[in-house]
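Both of the next two complexes hold chain A, though its partner changes from chain B to chain C.
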Partner chain A sequence: MDSLVGFVGKNYVLIAGDTNAGRSIMRLKDDFDKLVPIDSHKILAKSGEIGDGNQFCNLIIRNVSLYRIRNETELTTKSVAHYTRRQLATAIRKNPYSVNLLLGGYDKKDQKGSLYYLDYLGSSKKINYGAQGYAALFVGSILDRFWKEDLDFEDGLELMKKCLREVEKRLIIGTRCFLIKMINSDGISVVEKVMINSKNKNEIEEEN
Partner chain B sequence: MSYDRAITVFSPDGHLIQVEYALEAVKKGTTAVGVKGKEVLVLGVEKKSTAKLQDPRTVRKIVQIDDHICMTFAGLTADSRILINKARFECQSYKYYYEDPIGIEYITRYIAKTQQKYTQSVGVRPFGVSTLIVGYDSKGFPKLYQTDPSGNFSSWKASCIGRSEKPVKEFLEKNYVDEMDEEQTVRLTIQSLVEVVESGEKNIDIAIMRKNKPIEFLGRTRIAEIVKEFEEEKKRKEEED
Partner chain C sequence: MAGKNCVAIAGDTRFGVRNQTVALDSNRIFKINNRTLFGMTGLNTDILTLRESFKFQMNLYNLEEEREISPKTFAHNVAQTLYSKRFGPYFITPIIAGLEGEDYTPFLCATDLIGAMEFPKSFVVAGTGEESLMGVCETFYKENMEPEELFEVVSQCLLAAVDRDALSGWGSVVHVLTKDGITTKRLRTRKD
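Our next item is the complex of A and B:
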């Protein structure tokens, strides 16, 4: 039931996640932040079992920190993706983590953002745009059509809102509220917390 | 029967000879000084003069254990690497379980516990390392801790380990005052080292730990400036006499 959407733009990465946390038919929390910062320039967006997501993200964060303290340098997004995938792959046949992830990061060395798709079976793929959860069913075609390389931030944000609007419109389970974060050379920042109300058709209210 | 071979056992007069030998190894190491100010901590180390062809940047004696904790050591460098690695791992492990950054006393106790373990285990020898650990406690007060190969640890206002321990400690005891500001603390640290370090400021590293800020290594030019001021003051005093 989680929805995560992400794509790479010109020197930034945009990731959005819905802010619902629920169990069966009950919404337990409607301000749940699924976009977890691993270090100053990387976000791990988690979906799936909440407990597994917490434990797994904690594990990755601590090991990335340990690497940073030991080696006095930060890991690249690619390395973190590989490390994360390795953890998922060794776990799948022993004690699987039911988490599907989007890893977004900005590397100062290449001055480029990158996005990775990781799932609980140990898949990992570098992508330009993608989604996890039910959102993937709806936004795939939108992103296929409208995503271009090196989108400006304004255009990127517009595209993201287009995607989220579609998720809200077509997903029967209410997913109105989304949190959008951006990673660029300055680090991680919260772009907006959007509340989408399809009664107002194509209007999106900003929530602060 | 010799009570100092291979494993750490008590001698008839109640000494752990291996541990005392480890302390001797520490006394052979290059000097390290730690000074606590009112709201600042300063570490100073004597760097071993590097060979001509050696890259001096790879010899770092002041290391970060976590974002808010630093340490230095005197004694066997390779032994210290093990302790530093264990400490770094413990810091992240603590944060993994408790979500809070580790406390300075907690990590000191951990390092001291590790050192003690190796004085009471089969087939191992004690670490030939004393450490100085600096950081801020949960109430925000600066703290300086020292551990030694026996596993003892205690908190200090200013301390010194390594080969010039005695003269530097005497100097600190004479000149330390409570509640020094950053400038005074840095000057005291540099002054205490300058007397004992051969070939002067090129072989001194100074690191400043401020509250909630990452550690800062003092630049070469600044150290040279301060050393020059000391030398000029010394000359002036000598001329007056």
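Our next item is the complex of A and C:
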């Protein structure tokens, strides 16, 4: 039910998630922030069980903090992805966390953004663009077609909105509202909270 | 597949979840040392976990024994690791290919998910397209192939098999291991 979309651009990473929190057929909350900051330059976007997501993200945030306090150095995105994957992989056969994640981060050392796809089994893959949830079915092909290496921020935002428009239009479960966050050298910033309404006449005219 | 003092491993590079493709560049074939290549198919999380586990074990082996592990020993190590999880297995099918001994004899080993080993002389296959692979390898395999010919045969076998299997494809990589080193080439396959 959750939709997460993310991709890497020129010195930034854009991640968007829907802001619905639901249980079965009921929408509990429609301003739920799924894009959790792990440290100043990394976001863990969570989807799946709400409780598991909270607990697991807390685990990662606190352990990353502990590492920083002990070793006086920030972890790279790759290391955090590795650590997160390891936690998921050891948990799957004992006490599984039912969370699928997108980890996006910007590394000052390489001056590059990176995005990782992590799922509840502990699979992990560094990707340039991707999505979690039902959104992946719709957005995968859009990103295949339009994503390019080193997209400017404006082009990237436009591409993200194109993806979210498609999710809103075609996913039968109503997800009107999305939160888009960006990570770049300055850190994490909320780009926009987008309300997409494809029934809106203006929206349709804009499509044309 | 084995040739004359050389071995080759080829694999596709698709990472998918059932029928959805997530990434096109996942590497499942790993170099253990200059004599051994190790490939796995199956559940991505177990592939990554075992990759890390074997890397750790091999580093420790190198430090303790002050030499590189032979392919045969490594194969037994893999089998033991898999059997240790007999009643809660890793869902992978590994393939070990290497050059054994002073005269670089080709060594091939395939095991199932709980470590039952087989040591064929000709070729080993694994994965969702293993039946297709078996058929086409059987047809094209010859004894004592030189590295160039081995590369051609292995490539064509893989390409033919992934064309038939829906869950395989989206790019492939071929490693040829000879006593002079490893040559790696990427092939274009059908992207569907």
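The rule is short, and it goes like this: the second predicted complex is superposed on the first by the 201 of 208 C-alpha atoms of A that agree within 3 Å, B and C clash if a C-alpha of one lies under 4 Å from a C-alpha of the other, contacts with A are read in each partner's own complex, and residues count from 1 in each chain.
Keep in mind that, in the parts below, contacts are C-beta pairs under 8 Å (C-beta built on N, C-alpha and C of every residue); 3 or more make two chains touch, one makes a residue touch a chain.
Nothing here was measured: the structure is a model prediction, and the numbers come from that model.
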item	value
Touch count on chain A, higher of chain B and chain C	C
Chain B versus chain C as contact partner of A:Lys29, first or second or both or neither	neither
Which of chain B and chain C A:Ser65 touches, first, second, both or neither	first
First (chain B), second (chain C), both or neither touched by A:Arg85	second
Contacts of A:Lys148 with chain B and chain C, given as first, second, both or neither	neither
Chain B versus chain C as contact partner of A:Lys108, first or second or both or neither	neither
Chain C to chain A touching residues, read off their complex	15, 17, 20-23, 26, 43-45, 48-49, 52, 88
Residue ranges of chain A touching chain B (in the complex, touch as defined)	58-59, 62-63, 65-66, 69-70, 72
Complex interface listing, chain B residues touching chain A	64-67, 85, 88-89, 91-93, 95-96
Touching residues (chain side chain A, partner chain C) in the complex	85-86, 88-89, 92-93, 117, 119, 121-127, 130, 136-137, 140
